[in-house]
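Next come the structures, one after another.
What follows is chain A paired twice: with chain B in the first complex and chain C in the second.
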Partner chain A sequence: MFPRPIEKSAPWVGIAYKVFLPIALILWLLPLIGIAITSVRPASDLASGNYFGMPSGFAFVENYSSVFKNSNIGWYILNSFRVTIPTVIGAVALSCLTGYALAVYKFKSNLFVFFLFVAGNFVPFQILAIPVRDLTLKMGLYDTMTGLVLFHVAFQTGFCTLFMRNFMKALPFALIESARVEGVNEFKIFWHIVLPLVRPAMAALAVLIFTFIWNDYFWATVMAQSADVRPVTAGMNELKGQYKVAWELISAAAIVAALPPVAMFFLMQKHFIAGLTLGATKG
Partner chain B sequence: MATVTLKNAKKQFGAVEIIKGIDLSVADGEFCVFVGPSGCGKSTLLRMIAGLEDFTSGSLQIGGKEMAKVESADRGVAMVFQSYALYPHMTVKQNIGFGLKMTGHSLADIEGRTKRAADMLQLEPLLDRKPSQLSGGQRQRVAIGRAIVRNPEVFLFDEPLSNLDAALRVQMRIQIGKLHHDLKATMIYVTHDQVEAMTMADKIVVLHAGRIEQVGSPLELYHRPNNMFVAGFIGSPKMNFVNVEAGTGSSLKLPGGGTVKIDGMKAKLSGKLTLGIRPEHVELAKKTADANVSTVVRAAEYLGSETMFYVTLPDGTEAAVKADGLAKTQVGDTLLLHFPPKACHVFDPDGKTLHNGDLSK
Partner chain C sequence: MAQTGVQPKPRGFWKTHQKTLAPWLFLAPGIAMFLLYVIFPIFESIWISFYQWDGLGPKTWVGLQNYRDLFADDSFYTSLKNNLIWLVLYLLAIPMGLTVALFLNQTVTGIRLYKSLFFFPFVISQVVVGLIFTWFYAPDFGLLPKLLQALTGSGKDFAVLADERYATLGVIAAGLWPQTAYCMILYLTGLNNINPEQVEAARMDNAKGLSMLWHIILPQLRPATFIAFVVTVIGALRSFDLISVMTLGGPYGSTRVLSYFMFEQALSEYGTAMGYGAAIAVVLFAIMLVFITIFIVRMLSQERNS
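Right after this comes the complex of A and B.
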């Protein structure tokens, strides 16, 4: 049997395993635990310098309700959805089309175009910040939802195309050829055969992109200014206050903001059916 | 129903010529099998007929109409793939009806045609299953059903049985043969298995390195091969080839000093030649006087109904002999062989046939 059960190995291995596993787990979870504890710490604890000790009280209700009362976080979360959902739809839809073209059609510059998509991922986006801001200003897209969505879609399509192209390339090509001989047109092949078969990949991609865009702070600060556009990552800044940083509120806000990607993951979970294409060809 | 005619068909991939000028005519309702070793271009040729590969040059006519530049869908062909190519997310019924539905056939029409195909192939109980719930043979039948519903003029099969086990292969071979009889459609079938070719074909096309070596009925190819390639390829186990030298008149000198006198030899023999004789036509001689050659048994397979001896001739040539199941010779023993002249084929040094034996005499 492989891997060998830990109970069957030498005693010292078993003991070391039982000691180090919890340590590693706690180390790994420490930042998350820190945020979670801070989010329920009363403000007085932080004022008196009790950052990492036991909280003196449980201020869950106070902190979480004041996050919603003292800032526009509800509005910012809505903004985040208004940016993220169109971006996910746009990037996944576009990359399915580009991925299909690059995976299925033989044309001269196929590989070159594919490498262009891939190479785009290697450009650090920090160096693009100023040109993109100038461009959006000139196009009248600065500080608009449309601008933010358009640029997110543009930046994510490279990676998505790489992902979808490789997934589609792995489908048995005979499926497509068989449909062609039957007289099914190319778009219907794409829609009725290829798309249903790459559904697990689309689900995985949607979750990934949702998380990327939801957690984006960089473009949110570069391309958005007004409260109408600002997504939750940038909006949280508001809780900093004028004279002191309210860490307990920022922590609480961070946890609230992290919930949608987690929910998204569990929602899409059932679509990750691996091996949907199993049994497609060989017996 | 239609004839298929290829004229000087050529196909190049880059600088490599895969199909080097094929002229072929398949009659209406004929079962034509392309056979050849791997890499001979038989699948490529089939895909060219299907419209999945372009012609580099040459022409293709189906039912008298020029089709080389016509879209695959408009050629009136249906193809069955080696991998079955069933859509894994659709049920059997949806798989069979998919092409019709996508090309705008009415639901009643699809229903009727699906039912007819299902009846023909005993698919009725499987219609609501997904391909992953089917066995290999069932998948193959669905793939054939998908071809039938389109009422094509020409059926194209690309090694359809090579993923099946031996027993199922025999069963499907019979089923496809029956289907051909029922539908009376033109069928072109690609295989590397010469047993499939022999059992199913009206006409066999032997391909080798992008060219046609010979076209003919199975028995024609078996009895009168045009060259050494066809002689060696058709027939199982394959024909024995023995290096011989021309003797006086129409006699041939065998390794070890024996001779064979070929009856009815028309060509003049000279120099080094090759003698071909099938394992099933070699006879065991009881006395040295009757034998043409004395050999040593290297391996023996006792199959009950027959015994296969693999022997070494005096010059080191290896040969196979099919003897009856009662033969008692052991490995290491000497085996005396008699080559009946009417079963001997003679080939020149280029591999061309100089003489075909005639067993009917």
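Right after this comes the complex of A and C.
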């Protein structure tokens, strides 16, 4: 293990480490802690210049209920779910298929197709934006959930294919071969043998894509206009304009908007990190 | 295909060819979507960049005029310069992430929770990160001016984001926060998989501290470093959300980067210069392509070796 485990050092080093750890954490999260405290401050505190002292009261209920009552944020959060969940399902489903094709079959253009997905995944959004918006307009899907979801599914398929293909490559190939020898058809092999084995990869992708899409801002701005479609990221920026200096309300809204991916992360931590660190360990 | 006629049953064709046809059937929906929404639009954008177009009316062919205009536009150079600053400073996330990872790579009680909490900034959206830092920097009541005042006795009205000299740096600092967390998690995973025997052997040989890190640990962390490099470069060149939330490209356009400049010209409420916007996007794409090529070449060589 590197660095040397603290237990093997002098006792005072261990104590110093344990004391410093929470201090380092507080410093690291200071901006976030500040926002969290501000979100429960009574408005009178901010008016009287009490930004950092002890809050004069605990206005959690007032601030958070005011945000939900006086803005569309509840609606925006619902919109975010309506974009995110279908995208997760669509992208994971498509990439199970593409990943399987690229991991299991040998054919001439296999690597070319694979790297097409990988490379497409890295391009800047701006090179896609004008044609994608135009295409969506022509299909009559501009400013609709479907339009936004279709694009997200297509784009995320790039990353998901990379992930699925590498995961499936590591599966025991003998299993598939022996099924083939017994004459099981290719689709049954996929459905009954491979799919049950890739459940962990599906879970990892699902949490990652959930977070990516929930946090997307660019496409939310470019492809959605009306409040019926606008996800919470785009909505947040609008709230910032609406509340101007009412930082206790902006903070409360920010915390609410950040909550679903945070909850997702803590619930599915193992899968989340497995997904993000793909490729970080093997040469 | 000509052979189908000779086959006794139509099912026979599928039987004999299923191994060659099956991959394409599996690929079809994914490839169709990806071509339609990702690959074709790239070429379409390049094509649009040779036209003058307001997005609705007819397109007028102008050849390279959009590019000539672009190369004579001061805003373009400001954006390009800022992209470069982003790229260089964003890479700091890699050593910073490594430092945090080394600090946290212990087994004291509760360390798992600490690791998750350190990772926190990466999970929340950049819009929220942008808001948090806008508040952090806010003159008079933000945390940073307060800290400056407490430490140096002045700077209470120091407005990072309204000052052309510091605004871009302020936005990048906000971006480094989640990016460092990302690099940290990559390195923690890498450190977890380090060969303990090699480390022990090196300890026997009296290797420690920095020389151990440099000669024994970092070579083993190379895959993590590569991924950290990829995601950080892409993140730097994709920077958009933070600028949009924190400065709107201001003050006086001084925090624009190519991605935001393109948005202003072609996609925002007032921007209808599609051809010009497309030309900006093409330049950004060309820069990215350099890095994409490096990544693909390396991944391809790994693929061939395995």
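We take it that the second predicted complex is superposed on the first by the 230 of 283 C-alpha atoms of A that agree within 3 Å, B and C clash if a C-alpha of one lies under 4 Å from a C-alpha of the other, contacts with A are read in each partner's own complex, and residues count from 1 in each chain.
By our rule, a contact is a pair of C-beta atoms (placed from the backbone, for glycine too) under 8 Å apart; a residue touches a chain by one contact, two chains touch by 3 or more.
Because the structure is a prediction, the values reported are computed rather than measured.
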| item | value |
| --- | --- |
| Which of chain B and chain C A:M236 touches, first, second, both or neither | second |
| Which of chain B and chain C A:N185 touches, first, second, both or neither | both |
| Partner chain(s) touched by A:F68 [first = chain B, second = chain C, both, neither] | neither |
| Greater chain A contact set [chain C / chain B] | C |
| Touched partner set for A:P172, first chain B, second chain C, both or neither | first |
| Which of chain B and chain C A:F81 touches, first, second, both or neither | neither |
| Contacts of A:L197 with chain B and chain C, given as first, second, both or neither | first |
| Chain A positions touched by chain B in one structure and by chain C in the second | 185, 276-277, 279-283 |
| Chain B-facing residues of chain A, complex | 172, 174-175, 177-185, 188, 192-193, 196-197, 276-283 |
| Contact footprint of chain A on chain B as seen in their complex | 50-52, 72-74, 77-79, 81-89, 98-99, 102-103, 130-136, 139, 146, 150, 163-164 |
| Footprint of chain A on chain C - complex, ascending | 18-20, 22-24, 26-27, 29-31, 33-34, 36-42, 44-45, 48, 55, 102-103, 105-108, 114, 116-121, 123-128, 131-133, 135-136, 141, 143, 146, 177, 182, 185-186, 189-194, 196, 199, 203, 208, 212-213, 216-217, 222-224, 227-228, 234, 237-238, 240-241, 244-245, 258-259, 262-263, 266-267, 274, 277-278, 280-282, 284-285, 288, 291-292, 295-296, 299-300, 302-303 |
| Residue ranges of chain A touching chain C (in the complex, touch as defined) | 1-7, 14, 17-18, 21, 24-25, 28-32, 34-35, 38, 46, 49, 51-52, 94-95, 97-98, 100-102, 104-105, 107, 110-111, 113, 115-120, 122-135, 150-151, 153-155, 157-158, 161, 185-187, 190, 211, 214-215, 217-218, 221-222, 233, 236-237, 240, 247, 250-251, 254, 257-258, 261-262, 265-266, 269, 273, 276-277, 279-283 |
